[in-house]
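You will see chain A twice below: alongside chain B first, and alongside chain C after that.
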Partner chain A sequence: MKSLSPTHLAIRYGFLVLMAGMIVVFSVLKPAFLSPQSAVFILQSVAITGILALGITATLVVDGFDLSIGAVATSAMMLSAYVMVIWEMGALTAVILCLLMGAAVGLINGLLIVKMRVPDLLATLGMMFLLVGLQRIPTQGNSISTGMVLADGRTATGTFAPEFLMLGRHRIDFILPDLVPLSVVVLVVIAVLTWVFLELTRHGRVMYAIGSNAQAAALAGINVAGYRVLAYVISGVMASLGGILLAARLGRGDVASGNNLLLDSVAAALIGFAVLGAAKPNAFGTAIGALFVGILLQGLTMLNAPYYTQDFIKGAVLVVALVFTFALSGRVGRARR
Partner chain B sequence: MTAAAITIRGITKAFGRNAVLRGIDLDLPAGQVTALMGANGAGKSTLVKILCGVHRADGGEVRLDSQPFVPVGPAAALRQGVVTVHQNINDGVVPDLDVASNLLLDTLAEGGGLFLKRRRMRAEARRIADAVGLEIDVSRPVAGLTLADRQLVAIARAMAHRPRLLILDEPTSSLSLAEAQRLFALIDRLKGEGVAILYISHRMSDIRRLADRIVSMRDGQISGLFEGKPLNYSGAVRAMLGHEITEVDFAIPEPGPAMFETRGLRLKPEAQPFDLVLRRNEVVAITGLVGSGKSALAAVLYGLEPAAEGKMQLDGAPYRPEGAGQAVAAGVFLAAKDRLINSVIPQFDIQQNLTLPFTARHAGPLGLMRRAAERAAAERIIAAMGVVCQGPRDGILTLSGGNQQKVVVGRWMAEASRLLILDEPFQGVDIQARRDIGRRIRDSAADRATLVLCAELDEALEVADRILVMSEHTLVGDHRNENIDLARLMAQVSGSAEKTKEPA
Partner chain C sequence: MISRRTFAALVTSVALAPTLTLAQDAPAPFDKPGDVNIALVRYLSTGDFFQAYLSGVEKQAAALGVNLQVFDSRQDAALQADMVDQAIALGVDGIIIQHGLTESMKEAAQRAVDAGIKVVAFDVNVENPAIPQIEQSDRDLARLALEAAIADNGTEWVAGYVYVPGIAPLDRRDETWKAVKAANPGIQEVAMFGTLDNPIANSVANQARAVLSANPNIQVMFAPYDEFAKGVKIALDEAGMSGQVSIYSADISTADIALMREPGSAWKATAATNPAVVGEVSVRALAMLLASEDPGAQVIVPPTLITQKMLNDLDIKNMEELGAKLPAFAHADVAMTPWMKLPPR
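Let's turn to the complex of A and B:
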C-alpha cells in the first residue's frame, strides 16, 4: 500500500467519519438516540430502503438506472394486500405473486431499454408513472384493509396471514430480547448475497465490465443485452421484496405510504459510491449508505425536525456524497473518450 | 507556377512530450487541388486543426496571401477565408434548422436585429445555394437531406465567405459514387475560381480524379511531394507508409493444413468477391489503406456483421457466427483495434482485463471466480507478453500505451484459438512493445491460423509469413514474405495495378 495523502484519506474514510460524527452529535443532543429502541427503529427503516437500494445498485453496475423501484415496491404492497384481503389467499401465494410481478416489471424495463432502445431513465420513469396508476385501479384508489367495502358493496373479509406479518414485525432475540426485526435479517442476507454475486462471481465481474466499457465487453464475446436485462430483473425482484416487507410492517395496502422510498434508496446507493473510496456502485457501500440514511432520518425525527427539513437534508447529503465520489476521487467511472 | 495562397514554414506542434508536427513546410497554390495523404497518427488532422484555428502552432509561421495568418479560433479562420469541411458532416450543419437558416448560420450567429426576416433570408439563401449549384428547396429541414446534400450545404455555407483555402477532410467517406461525382464537379468549379484546395483522403480513386499535386506525411513531417503529370501515385503511397526494410530475422515455417477458408466472400454488395485460405501455423498479414475493408473483413469473420455474400469454413465445417459470443465459442478470437474504445475496461485492473473473455474458464460452481487460478493465469500472460507492471492488480490505466496494448492483445492469446485475428495490434505503441508483441504473435502461432490486419507495411513485413493486399474491399495481392517486390505491392495498395488508366 502506498502512503496515503490527506485527499486519499478523505476519499477513503470521509464518509465513515461523517457517519460516526453524526452519531456523536445526535447522541449528545438526544441521549435517547443511543438506546436499543432507537436502534431498532433505524434498522427497521433501513431494511426496506436497503433492499431497494441493492436493486438499484445492480442496475448502476451495468451503467443503467432504475427509477421505477419505488413504484414496484408500492405495487407489491398493494398486490399482496389484494391477494390476501380480497382474494383471501395465503401468505406464500402473496409472496410468490409479488416476486413474479417484480421480475416481470424488471423484464419489461430491460427489454424497453435493450430492445426498444429507450434511454434507461425515461423507460423506468414511464414505468414508474404507469405502476403508480395501475396499483390503484383495482380498488378505485382506496387503501386495502380487512373490512373495507368493495365496489360491488361486499365487505372484504380476508386478513393478512400471521406468518406474512411476521416478516415485517417479528423480532429476534439478540443480546436483548426482541431486538432485531426479521426484516433486518432479510436485508443482511440479501446484502451478503448481492455482495457475493457482484464481487465474487463471474456474472458480477462481467456486469462491472459492461458498466465500464460496454463496447469492449461486447467485443469480448459477452452477452451485453442479456446481462443488462438481468440487472433490471434483479432490481424489480428486490423492489417487490421491499414492498412485501412494507406491507408486512403496515398490515394493510396503504396508498399513502412509500412515497419517499425512491429518494431514500437512490441516496443510499449513490452514497455507497463514496464509502471507502470505491468510486463505483457496490453492495457493501450501498448497505452502509442505507444505514447512513436511516441514522440521519432517525436522528432528525428525534430532534423533531419536520419532514420537509428531512428531505432538504437528505438531498444535501446526497449532493455532498456525489462530490466525494466524482470530484475528489477523480476516477470518474465513465471514462468517455 | 501559380501564386501560393498559403505558405507554411517550419510549423511545429507538440502535445506534452509527444511531438506531432516536426517542422512542416508546404505551399498550397491557388486554383489547385493538393491531396494530403498520411497514415493514422502522421499528423494530418493536427495540421488541419492549426490551419482552421482550433490549435495554435508551437513554432513556425503560416502566411495567407503573404499576410501572416494566426487565427485565434475557428470563427476567425473562417472570416479570413480558410474554410474546413470536416469528416463528420454533422459538425457543419444544424439538422433541426431548414437549409436557408443553415446557409446563413454565420450571419445569424453574428446577430443584428431581433426578428428574422423570412423572405429576405430565403432569397439570400437561394443566392448562396445557386452559387455552388445546390439544387434543393431551401425551406426544407436539413434533417431530411441525404448526407451528400448536407455536405453540399456545409460547403455552400462556407462558400459565402469567399474562401481562399478550402480544406476537405475525407469528404467522400460516406458518399455514394454519384454523390461523390457531384462533389467533384463542385470542387472543379471552385478550382476554376482560384480557390486553393487541400483534399485529405485515403481513397486513391478520389485522388486520381482530383489531385494536381500529392503531399505525403509521415511521423509529423512531409515525406514526399509529387507534382507534374502523370502523378506518381505509388511513390506517394510509399512515402506515406515508409518502409525502412526491416531485417526479417525469422524463417518462414511450413504451413499446416487449411484452418479457415472463405469462398466468394463479398464484404459489400458492390465489392468484388474473394477467396481467402488461412493455414495452421501461418501468420498472414493483410495490409491496405484506411477504409480499404480490413476492419469490415474482421467484423464479418467475428460475426459482428453478416457478409453480403459468400461462405466461410472453419476446420472443414461451415462457420456462420451470429455475434461475438458465437465466434469466441467456435475458437475465432478478435483483438480489436482502438484499444481505449474497443478493448480496455478502464475500471478493471490488469488481471481482470486479461481474463475478461474467459471468466467462465476461471469460475467454479455457482459462477464463483477461482481467484488463485485466475491470478496464476494473469501472471502467466504478463510474463509471456513482457508487460511491465508491479503486479496483476495494478489498474490498467496506470500502464503505458504499449503495456496496455500487450494486455488487450495478450487477453486473446491466453487461451487456445483456431483463428486469431489481430486488428492493428501495434497501434500506438513504441518500438520495443511492437517487437515484443510481434514476437509473441509468432511464437504462439503453431496451433492456429493467425491473421494480422495493419495499414503500416513495415509492421506486416515484421510479423507475417504471407502478406495480402486489400483494396476497395477485396483482396488484390498475395506475397510470400521473402524478397518481396515492394514496388508491385505498393502499386496494389494504391490500386494502380488493375487500373493503370482511368479517365478523369
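Let's turn to the complex of A and C:
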C-alpha cells in the first residue's frame, strides 16, 4: 500500500462512485426510484442475467469462455415446461432434471475443450446452436403451455406446479411484507457462494492460477483439465438455474434463443473486471456489474428513454469499463509489480 | 407442360359442355378438383402462428378436394424464389406465396403469372396487379382493442403504451393508436416503452416494472402484441397492481387464453385474427381466381375482439375451443362464393 494516488483511487472506486452518482441522479429526477420496491425490482430484473454472469465468470477465471449459457438457460426453460406440462411431473423433478441437463451440457463443453482440443469459443458456439435447435424438436418449434395441442392430437393437461412458480414469484417479508422475490434470494446466495468458492477456497485460487498460466499450474501438479471441465460444469448448472427462474417467472416454455441473456451476462462479467480495480474476472465485480446495468436500464425506462438509447448506453458503459480494466488498471498493475 | 395443356383442353371442354348439374355446383376447374394442383410457398414457418396458418391452408384445400404441395424455404429469400420456379416447372395451377421479401419475390411471382399460373400473396407485397393480396388488418386489430378499452374505461384515462418502431405490423397498429389518441384528448399517454430482446415477455416485464413505479397513475396499458401484454401482466402481478390497471392487446394463443382467464387478471381484451382462417381465405381467394372469379385486389381478413368475459362465460381453454365456441373466430366471410366448399367445423 505505498500509494493512494488519484488514479489509483479512481480505478479502485470509480465504478462504485459512478453507481452511487447514478442512483442520486435517478432519485432526483424520479423520486419513485428511491423506494424499497424499486430496489427490489431492479434486483429482480438482474437476477437471471446475474446468475448467468456468475457462471460465465467461472469460465473466465480459467481463461475460457462459455457462449452456450443463453441457450442452456432457454433449454432449461423449455425442459422444465415439458416435464411439468406434458409429462405432468412435479416441481422437484423439473428442477433436478434441468440442473442435470445444465451439468451435462457443461461436462460435454468441458470435454470438447479439454479432450478434443476444440477452442472454447468454437465448442460452446456449436453447443449454442445445437441447443437452440434441440429445444424446439420435441414441440415442432411451438412454445409449451397448458392446453396446447400435442402432435398426436391430445391436449396437454399438465400445469406448472405452484411450488415451481414460487421460485419466480414468491415474495419474502423483509422490511415490508411481501417484498423480496425468491429469485433475488437465489441470486444473492449464488453470488456469495461463488465469491467464497473463488476467493477463499484452494480450488478457487487454483482456478485463478490456471487462468493466468495454465502451463505453470500444470507443472505445479494441478489437474488443469479437471478444473477446466469443472468451470464449464459450474457455468452450465448456473445457466440452467437461470432458466428455471425464467420459466418460473413466465409460467410457460417460451421458444427463445437466449442470445440477449448471453450478451447481457457477458457484459456484466466484463464490467465486473473494472470494479475495485480487480482487472480480472471476480464474483463481486460481476454482481456489481449486473446491478450497474440493471440500475441504468430501469432508471432510463422510468425516464421514458426508448430501447435503442438503452442499448447504446449499455455499450458505452461496457467500453468505459474495459478501458478502466485494460488501460488504466493494467498500467498501475504493472507499476505495482 | 403436356399435362398442363391436356388439362387446359379438359377445362375448356368441360366449360363448353352443357351443364347438367345444380347452380351452386362448383365451376371449372373445381368440378374435377382432383386434377387441380396448388402450391404453398412459405418464407416463415416456425412458431404457433405459421403452424396454424398451414393447418388452415391444408383444411381448405382438402375441403375443395384439390392437391396441395407445400414448399418451405425456412427464411431463405433466394430459395423461396427458386421454389416458385420449381412450382412453375411442376406445372401447378395456382400458387400461394406466404410472406417473403418484395425484392426477391417480385420477379418470381411475375414469372409464375407469365406462365399462366394464378397467384395470391399473403402478407408480402409483390407489386403485381394480377396478384391479390391477402392481409390481416393490423389497423382493425388495434381499433377493436382500443374500442374495447374505451368501452370499459370511458374516454379519459392515463395510458402506458408498448411499442417498438420499425416492425411493419406494429407500425400499422401504431397509426391507429395515434389516431385514437388524437380523437380522444382525454387519453393521456405518460409512458412509451418496449423491446424485442428475447424472451420478450421477460424483458418487457422488467421495463414495465420501472414504468409502473414511475407512473403509478396508469390505468390502461395498450400492448398491441401478445408477448408485450404477457410482459406487462407479469409486471402488474409482481407489483400487485393487477386490480388498478387493464391491459388491451392484439393476437392470441392458447397460453394467452390461460393468462387472460387467471382470477383477477388485468388482461381484459385482445383483438385477433385466426391464423387458420387466414390460411383458409388464402386458398379460397386462389380458388376464385382459378374459377375466373375476382376476389379483389385486397382480401382483408377481419379480426375478432376476444374479451376476458367471453372466455370465462364460454369456458374456453385453448385455440381449438375458441374456434369452436366463437363462430366469428372460426370463419371469416371473405373470399366466399355460393359454390365454395368449407372445411367441416
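Quick note on the criterion: the second predicted complex is superposed on the first by the 326 of 337 C-alpha atoms of A that agree within 3 Å, B and C clash if a C-alpha of one lies under 4 Å from a C-alpha of the other, contacts with A are read in each partner's own complex, and residues count from 1 in each chain.
The criterion applied here is as follows: contacts are C-beta pairs under 8 Å (C-beta built on N, C-alpha and C of every residue); 3 or more make two chains touch, one makes a residue touch a chain.
These figures come from a predicted structure and were not determined experimentally.
Superposition model on chain A: chain B and chain C are shown accommodated side by side without a clash.
When the two complexes are overlaid on their common chain A, residue A:S5 makes contact with neither chain B nor chain C.
By the document's definition of touching, of the two partners only chain C reaches A:R249; chain B does not.
Note on chain A: of its two partners chain C and chain B, the one contacting more of its residues is C. Residue contacts after overlaying the shared chain place A:Y208 against chain B, while chain C stays out of touching range. Shared-chain residue A:L219: touches chain B; no touch with chain C. In the composite built from the two structures, the nearest CA pair linking chain B and chain C is 33 Å apart. No residue of chain A lies at the contact with chain B in one complex and also at the contact with chain C in the other.
Chain C meets chain A in the complex at residues 46-48, 51, 164, 191-195, 197-203, 205-207, 209-211, 213-214, 216, 230, 234, 237-240, 253-255, 257-259, 317-320. On the side of chain A, the complex with chain C involves touching residues 30, 32-33, 35, 37-38, 41, 44-45, 48, 74, 77, 136, 140-143, 145-149, 155, 169, 178, 181, 246, 249-252, 254-260, 297-299, 301-304, 306-307, 310. Against chain B, the residues of chain A that register as touching in their complex are 196, 200-203, 205-206, 208-209, 211-213, 215-223, 280, 331, 333, 335, 337. Contact residues of chain B toward chain A in the complex are 302, 324-325, 327-329, 334, 336, 340-348, 352, 356-357, 359-360, 362-363, 366-369, 397, 411.
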